[in-house]
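Listed next: structures, encoded as structure tokens.
In the two assemblies presented below, subunit A is common to both, partnered first by subunit B and then by subunit C.
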Partner chain A sequence: MKEHLSKHKLTWGQKKQLTGVLFLLPLSAFLAVFIVYPLASVIFYSFFDWNGMSQMNFVGADNYRLLPSTEGFWDMAKATVIYAAGVTGLVVLCGFLVALALDKRGKWRINRTVLRFFWFFPCLLSGAIVGIIWRIMFNYNGGLVNFLLNQMGIKSVNWLETYGVTMAAVVIASVWGQIGMCAIIFLAGLQNIPTDMLEAADLDGASELQKKAMIVIPLMAPSITINVITTSIAAFKAYELPYTVSKGLPGYSTRILTQRIYFYSFNTNKYGIASAMSVLLVVVITLISLLQLFVLKKREDIY
Partner chain B sequence: MKKTRRLMALLLSAAVMCASGGCAGKSTDPKADQTSGAAPAEGAGQSQAEGGAGSQAPEEVVLEVQIVDTNWADAWNHMKESFESQYPWITLESVGAQQNIDSFISARVAAQDLPAVIKISSADIYLNMIDEGYVRDLSGMECVANVPDRFREAFTYNGVEYGVTQGASFSALYLNMEALREAGWDNPPSDWNQFIQCCKDIKEKTDYAPFLFNGDHATICYMVYELLLANCLGSQEEAAAYQEALTNGTFDFSAYPDICRKMNELIPYIMEGSASTAQDDAVAIMADGGAAMLLGGNWVSASALEAIESCTGVENSGLAIFPPFNDPGKPLWISTSTEVGFGLTKQDDPKVSEAAELFLNWVFEPENFKIIQNARGTVPVLTNMTSEQIVLPEGIKGLVGEVSSHNSVMMGYNFYTAEFKDGACTALRDVYSGNASIEDAVKSMTQLLSQYHY
Partner chain C sequence: MEKKKMLTILSELCLLACTVVCWLPVYYFVISAFRLRKDIVKYPLKVIWERFTLENFSYVWKNMKLAQSLFNTGFITIMTLVLLIAVSSMAGFALSRIKGRFFRAYYSANVALMVVPFISCLLSLVILSTKIRLYNTLWGCIFIHTAWHLPFCTFLYAGFMGALPMELEEAAYIDGCSTFQVYFQIFLPLLAPITATCCIRSGITIWNDYLLSSTLLNSARKPTLMVGINSFFGEYVSEYGYAFAGIILASLPISVLFIFLQKYFIKGLTAGAVKG
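And now, the complex of A and B:
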């Protein structure tokens, strides 16, 4: 009997493997139910004409083929790219500047903790709330932004109905909402930079600008990679914040593709087209993320 | 150690069993109390007879209803108490009150878990639901018996009477008469030429913007165009043809060049920002004295007129009129509509179906419907409601009586698809905000309609 049991006794290596599997199991199950299954369903639905209630009709790749001819598709695709590029660029740039200002070795150390909270606070708010706050502030009639402009003797700007300007307003609101998280990641990166390198640069007589350009920025490459990828993914799939700021106006100039996916799903019940658009967006986000990863990793390797 | 564990497990099982037994006891006892204790209501006896339950007490039913709107949410508890006191075995549970109704219903359809009583309109999702057999036909039910035929027809699709409207709505123009007087107008304008002249005088002689509307709301955004169009139609037959063509996608918007001319006359007087202004913001602008005239539906009358009075500090300084978009000497056309209605969904459980039917019939009894009407101040269509039961805001009382004496077109949202609505309003908002010409918008709308229609 004992022999039989000892035969089935797990070795240390097997136990370790089993523990690993058991630890992975809950998350894997969660991912399977909430990510893999919905994703597979969306891909499946994208080949059907279906309103959520009727019989599903297989239409092959028709939904994909018809996408470009749907109303405003190219305008919305353009808006999505401009929005994502604008938000990613500004969030990363401003996040980096904010992190430099809040870094403990920085010179501007006025009430650092308060300032850190101030910059991080918008990240605690939901996107819809951030959007509504900025919509109220950008209101042409009685909005805070125009009030301030008028106080400075500048004429009111129709922030929510002017081509180009509205996109700027949406990007500003999004940047304000996301800058804190980006700054926190940069701050962590900045605090990991070895002080001896900066001291050596000081001894060599390097200026502040030279130290930032030659030491700090190159050593921040991993943080830049993380921030660029996460911010751009978030920007491509943003929905509530841009919608609450501008409702997609004027024309389709600030209407990003996620808003169209919602429109097709819940306003017209064309789940097939909505699914095809979702799949397209997933593919685009994946490709852009891979490209970013490839380029930025290459840069990380140089340093 | 093992013994302690076993003991713990036993105790836990016993506790769980006791708890579930107790709950079961609780759930049955009040039913017995309620059914035996309450005085048998008229409807209760009827229901039992219909259900063939005989002398047996009806089984307890929880009825999910999605009919409450934020503008009468305060009155819901009164309605619920009143109904439950008459039908003690039915418990009403309001759902989806704070949510976008279409999204809420979409999610419930996906979950195959529809509330028994729902808000319903002619939007795509409800027509799909009717096609797929999710919605009950109300024809023959008591709740529709006192609704005029034209309102019943508006809620009939493919032979299914799918809802009962909460009331009628119409377009109105709310005037700040103090602003008009400042511009030299003691009386409101009565036709298009006077209206444009009035706008001009307001712009030149006062600090008010002449004309405002909440273009953020699709119905109002289209209403500006719709009123111009309505007043270009020569006869009721032409209006019927327009509505039919709008439904089947053949209407040519460019066939009415007068609309473009009038729109071009109007645009300089539209308050900047109107295209993206929400209803609450529009009311706030009127209260702040930002604009002299506000276009809206009758549903905004109470707040708009109150805002004007609070702005001027003068009692009755707000006046509601029908938008005078008619040419001089020609009859005035307005746009009217049914409001969102209430309907029933098909339920597997016959008890729930029966309870839902009882509730809907009960809601449309005048004494009960007045709970909703009084809270909202809108125009009811029930022919058996007496004037004592109806409460309307002072400012529009006069208009309500006149609605039927004017020519009218049905508001566009009764006929167009979600895609057309979205595309047309996008084009029109560009016109209102000066980004595009009305001629381009008209071309775009004609093309959109031919592509997206029922």
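And now, the complex of A and C:
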């Protein structure tokens, strides 16, 4: 036994490498079984026509070719893009403004830790819960939003059953749930801006607005990119929140891609179509992520 | 100077007004949980102490199977975190402290997996879990949650350990430690901050999860909190008080933790997006 071992004695470096591989085994098992295999099988399923029970009929790229003609596909595409663009734009804009306001400290100002707590709190709530809260608030009869509108002398709006308006309601609910996170990320960026730059600008007599436009925004460019990308990825992936607010109604006007995937997977069992749509989502999100990688790499060269 | 002071106060008032608007929904659902439906609709924002009631809470506690769903959610969250931390800290150590082409390639593959959207794989996960008898079991939920949080946690651990000085392990290796010993005796004790970050980040997401548990678990027998509230709300659509009481009970644990650990929460949830 001893002789056998000494014959195959590993060098110290090899032993270290082997231990490293051992350390990666549990991770590899989890990733292979629950991420890589399901991802591969979704791609595989997307070339078949089946409902889980029937025989799997190979149909080539038919599922992809027929995607645009599935019911409500273009409504879905429109809703998804409007939702993602609306949420990303509003979250980043509001988040930036909130972060600018929260960044200032000094006399006569409210305690920042307290304010940060208030702004961040909604981010802790589950998407499903935020959805319920806003669904109740947007209710036509007895919802808080219409109550406030009435107080201001504006007629009630049927938030959850009007084309176009419902999308606004869904976007508002999602924005409310995400501003805090975005603001905190901006805040960290703002606090990394060297103060001597701003002081130098002060000495040169720059106004607040000039300082913002010439110093703060260029230096914040990486944070802005990160927030735009992460928020838009989250918006494309969002399922619970938009669904609980509007249930995809009225018509197809708020049925975004994720809701369609869920619908074809578990309500109608059209596994082929569902898988093709899933692959579409993977492609969209991969493209956005590659864009992030590309833009951030480029930025690092500049600074 | 006087002008500047006025301006400051004015901008603070503006900020305060925005904060109040932002918190209006929270205020609304908190006070509404203690009121009956007719009061919620009639005076949405007024607190009437004489009409204060705990009826919503007692009803929800009795009818939502809250104890059961609290146990399920808690069990899933804690077990997932234990598995997650054990697996990702080991993997993070290997990926950050051991040199080699294989480990670099693995690291990139791990980062690439962070991008895959969960809902895309939900269908095949359900099919898979039916095949391997994990469908409708809490452990199925736990394993799937663990796997989907692993890439990011491993990424965080690798980043954290990669930033620690080389001398740390060199000294130990010279003293004759094996790689196992280096990991367990030198690195493990140093990992508290990043472990807290991972726990908070993944813990909140898992506690709040609706999509996986609503698909994988039988919502009547094995409800989790979010699924329970949603199906409860679906049954009593017009009973706002019930929904709000349920919401408060379900988000109370995390909210209370947040009040005491605000700093760690914010650091944990923004990890990865903010350098340092």
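One rule holds in what follows: the second predicted complex is superposed on the first by the 247 of 303 C-alpha atoms of A that agree within 3 Å, B and C clash if a C-alpha of one lies under 4 Å from a C-alpha of the other, contacts with A are read in each partner's own complex, and residues count from 1 in each chain.
Quick note on the criterion: a residue touches a chain if its C-beta (ideal position, glycine included) is under 8 Å from a C-beta of that chain, and two chains touch if they have at least 3 such contacts.
Note that this is a predicted model, so its numbers are computed, not measured.
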Between subunit B and subunit C, whom does A:141 touch in the aligned arrangement: first, second, both, or neither?
both
Looking at the overlay, what does A:267 touch: subunit B (first), subunit C (second), both, or neither?
first
Quick check for you: in the superposed arrangement, does A:207 touch first (subunit B), second (subunit C), both or neither?
neither
Which partner, once the models are overlaid, touches more of subunit A's residues, subunit C or subunit B?
C
Please indicate which partner A:230 is in contact with in the superposed arrangement: first for subunit B, second for subunit C, both, or neither.
second
What is the contact status of A:52 with respect to subunit B (first) and subunit C (second): first, second, both, or neither?
both
According to the stated criteria, A:150 is in contact with first (subunit B), second (subunit C), both, or neither; which is it?
neither
Tell me the contact category for A:41 with respect to subunit B and subunit C: first, second, both or neither.
second
What is the contact status of A:113 with respect to subunit B (first) and subunit C (second): first, second, both, or neither?
second
Which parts of subunit A are touched by subunit B and by subunit C alike?
52, 141-142, 265-266
In the complex, subunit B touches subunit A at residues 100, 102-103, 106, 109-110, 124-125, 128-129, 131-132, 134, 216, 271-273, 275-277, 281, 284-285, 288, 290, 417-419, 422-423, 426, 429-430, 433, 435-436, 448, 451-452
Give the list of subunit C residues in touch with subunit A in this complex.
5, 8-9, 11-12, 14-16, 18-19, 22-26, 28-29, 40-41, 44-45, 86-88, 90-91, 93-95, 98, 100, 102-103, 106, 110, 113, 115-128, 143-144, 146-148, 150-151, 154, 178-180, 183, 204, 207-211, 215, 226, 229-230, 233, 240, 243-244, 247, 250-251, 254-255, 258-259, 262, 265-266, 269-270, 273-274
Subunit A - residues contacting subunit B, complex:
51-54, 71-72, 139-142, 156, 158, 160-163, 246-252, 263, 265-269
Per the touch rule, the subunit A residues reaching subunit C in their complex are 15-17, 19-21, 23-24, 26-27, 30-31, 33-39, 41-42, 45, 52, 98, 101-102, 104, 106-110, 113, 115-129, 132-134, 136-137, 141-142, 144, 147, 176, 179, 181, 184-185, 188-189, 226-227, 230, 236-237, 239-240, 244, 258, 261-262, 265-266, 271, 274-275, 278-279, 281-282, 285-286, 289
